[in-house]
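First chain written, first letter: the chains are A, B and C, and each begins at residue 1.
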Amino acid sequence: MATTQSRTLAKFMLMPSVLLLLGWMIVPLCMTLYFSFLDYNLLIPGEHEFIGFLNYEFFITDPAFTESFFNTLLLVGGVLTITICGGIGLAILLDQAIWGRNYVRIMVLAPFFVMPTVSALVWKNMLMNPVNGLFAHFSSWLGMNPIDFFAQVPLLSIIIIVSWQWLPFAALILLTAIQSLDREQLEAADLDGAGPFSKFFYIVLPHLSRAVTAVILIETIFLLSIFAEILVTTSGGPGYASTNITYLIYTQSLLQFDVGGGSAGGIVAVIIANIVAIFLMRLIGKNLEG
Amino acid sequence: MAITSSHKSKLIYTVLAWTISGLIFFPILWTLLTSFKTEAEAISASPSLFMFDWTLENYRDVLERSPYFTHFWNSVVISIGSSLLGLLIAIPAAWSMAFVQTKRTKNLLMWMLSTKMLPPVGVLIPIYLLFRDFGLLDTKLGLVIVMTLINLPIMVWMLYTYFREIPSEILEASRMDGATIIEEVFHVLLPIALPGIASTLLLNVILAWNEAFWTLILTAANAAPLTAFIASYSSPEGLFYAKLSAASAMAIVPILILGWFSQKQLVRGLSFGAVK
Amino acid sequence: MGSITLKQVTKSFGDVNVIKPLDLDIKDGEFIVFVGPSGCGKSTLLRMIAGLEDTTSGNIEIDGQDATDTPPAKRGLAMVFQSYALYPHMTVRNNIAFPLKRAKVAPAEIEQKIASAAKILNLGDYLDRKPGQLSGGQRQRVAIGRAIVRQPSAFLFDEPLSNLDASLRVNMRLEISELHKSLATTMIYVTHDQVEAMTMADRIAVFNAGVIEQVGTPLELYQNPVNRFVAGFIGSPKMNFIDIPTANDGAHSIGVRPEHIKISNDEGMWAGNVGVVEHLGSETFLHVHVEKIGTLTVKSDGDCPFTYGDKVFLSAAQNKILRFDKTGLTLPSLTEI
């Protein structure tokens, strides 16, 4: 089905999507780039002077940037590790013959549908609150001092919340992948005398690589811009202990009204995301072929 | 292999699976239960799972004291509106990429996905300023536009993977049978792809319903959907667990039910066809 | 109504020439088979005739009218696809009605045409089922039904039987042949299976690497192949080729069909040892290893007594031996000289 006619039509049909995405990407990005070279604060009226790379210098040399950069890496890396390891475990468990598998599936999947603000608030208040939270009740019942999660381990607390949100997604995709594994392969391995561990490492895990790639790609897209969970729990604190780059730029632009600085930060975030993207696309391109 | 031993392992796996999934589900269950408690019981140091005085007080309070239905309606309009608009734009694009493949198709798809990797903060300020200048701040229209654009790549990709599974011979057959391009799309392509289109729609409704970056930044009282409404409970004076739970329950239950119905399609859609 | 003429037709994808300049006259009412190995361009040519692919250069004429740039729907041709390409969401009735509805045929007439197609193809009991509930053979019939109701000027078949199992394939082959006899409409049939080509065709066009090597009736191709490729492609089991030291008349190799070799235990042209023996009941294929020549396939009677390892002698029927020059072209046979 490749006549000149259909090819022309196809180009025409692609146009709206391509133009809209180009517009969405290029126009604001150029504006951000332009603002990033200006001394531009919404609170200070008047001319916006061109100040070269000064905004970048301020943004990058700010200790808050270094801290939030590593926080971002920890957040993404931590959640990916937890959800993929946990997801593989859960997927294998749910793949066994069990009673009521459908109900189990429904329960496991549920957190994925909970909006970020709700899950953050529920965890923050009802579970992790050092006075009235369920975890606090539980530790005093055990005779231990309750942990003040958001004061003592703010970033870890957020990692836990976000992992809870994304574990279902990883588990379900990996479960579907495991179920598509050719049973004859496992039977052949049984005949070849493979034990459960070698079956897992030589057959199940390689089979899952495609699905794991997909999980990493999709989760990373969303995890790089975690925002709501931080906003409603710690507001980035204490200090910058739980600030990621997205949140840092938000505070700079919309709380301190520093358009120039925020824009410089935005461009830095785009560069970081691009580095990650190139890396991921390589991975995906290899694994999602066909 | 005696029957009893396989029965035994099934029992062990069942107990293990129910325990773990119970723990994962617990925060949601706890929220739902707390929403029926009084505020005093909600913060009690020896909380009870089911043995408490069930009350609908909190739901009444939330509905009376806050414009819940306004926010609910905003969520509905924004998520469904942006998903329908997105479909309208994405279906033709997915059609041409799936059925008129060129050397550039693969790169184009990758590029579309890469726009999804553009961090929202990279365009935060211009969008904020543009919205301010065009009077789109705190409007449903503004959010519909943003949601459509941020979910467009996912929609195109999902539809593309569904369309790819339709043998192009079927469309060619319709062309041989004398169908015009419009008839080909409406009588053949869309009916066959209907399950895929429905799950694309559903998944995007869910994603848009739960989106919480742009909704928090671009809305205030008027157009705020439920995500932003719930965020207002994070201020200290809003610390009433039972009411928070009731409001949360009302925000998540509709989408929870929708999600459970579509779980199978969801997996395929979200993994961009990497998993079937 | 239904003659198709190809004039200097070519097709290229980028730099790759899939079809090299090609002329072919297909007569009204003819059953012509395009046969060749996969990737030889036969399907592409069929799709060009259908209008599903552009023609890079040259002209396609249908009934004397230039149709090179006519869209598929306007060419008055019907196609049956390898995967049947039925509309999965429509019942058999609606599948067959689809082209008629597109042509704005009156409902009463549609009903009547469906009824007659169902009768011809034995589909009466399945009209209200969906394709998913039918077997492969039934789906194939529906696809044919969808094609015949339009009363096209020609039918195009793109490897229609390759998804069916062997016994069904033989049945459908007969049904399509019978259909051709009763409709007397032009049919162009693409296949890679030379048995289908031999059994069904009025004429066969043998394709290889984007060119037609030879066009002719099945027996012409069998008896007088123009070159080594056609000789090897037509006939089963395949013709044996033996390279010979270049003779003074330019022959580079000779070919002899398995059915033209006689096997004996005391005398013959070549001595060899029997390898694998395949007993088919009515006949026997023996693979005989001959020193310096290689393995020759021999077709013998059903009650052939030789077994693995036997020492045997082979001799070829002299008047059946084909001789090829170094480019593979067939040389005039010795008896004609």
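Going forward, a residue touches a chain if its C-beta (ideal position, glycine included) is under 8 Å from a C-beta of that chain, and two chains touch if they have at least 3 such contacts.
Treat the numbers as computed from the prediction; the structure is a model and nothing was measured.
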Is the chain-to-chain touch network here best called a line, a ring, a star, complete, or other? complete
Report which of B-C and A-B is connected by more C-beta pairs in contact. A-B
Centroid spacing, where centroids are CA-atom means, of chain A and chain C in whole angstrom: 56
Compute the distance, rounded to whole Å, between the mean C-alpha positions of chain B and chain C. 53
Separation of mean Cα positions, chain B and chain A [Å, integer]: 16
Provide the list of chain C residues touching at least two other chains, using ranges where the numbers run on. 52, 71
When you check chain B against every other chain, which residues touch at least two of them? 172, 175
Residues of chain A that touch at least two other chains are 1-2
Chain C residues within the chain A interface of the complex: 51-54, 71
Using the touch rule from the top, collect the residues of chain A that touch chain B in their complex. 1-2, 6-7, 9-11, 13-14, 16-18, 20-21, 24-25, 27-29, 31-32, 35, 90, 93-94, 96-101, 104-127, 132, 134, 137, 140, 164, 167-169, 172-173, 176-177, 180, 210-211, 213-215, 218, 220-221, 224-225, 227-228, 231-233, 245-246, 249-250, 253-254, 259, 262-263, 265-267, 269-270, 272-274, 276-277, 280-281, 284-285, 287-288
So in the complex, which bits of chain A are touching chain C? 1-5
Residue ranges of chain B in contact with chain A within the complex: 6, 9-10, 13-14, 16-18, 20-22, 24-25, 27-28, 30-31, 34, 43, 45-47, 89-90, 92-93, 95-97, 99-100, 102, 108, 110, 112-130, 149, 152-153, 156, 168, 171-172, 175, 181, 206, 209-210, 212-213, 216-217, 226-228, 230-231, 233-234, 239, 241, 244-245, 248, 251-252, 255-256, 258-260, 263, 266-268, 270-272, 274-276
Chain B contact footprint on chain C (complex, rising order): 50, 52, 71-73, 77-79, 81-83, 85-89, 98-99, 102-103, 146, 150
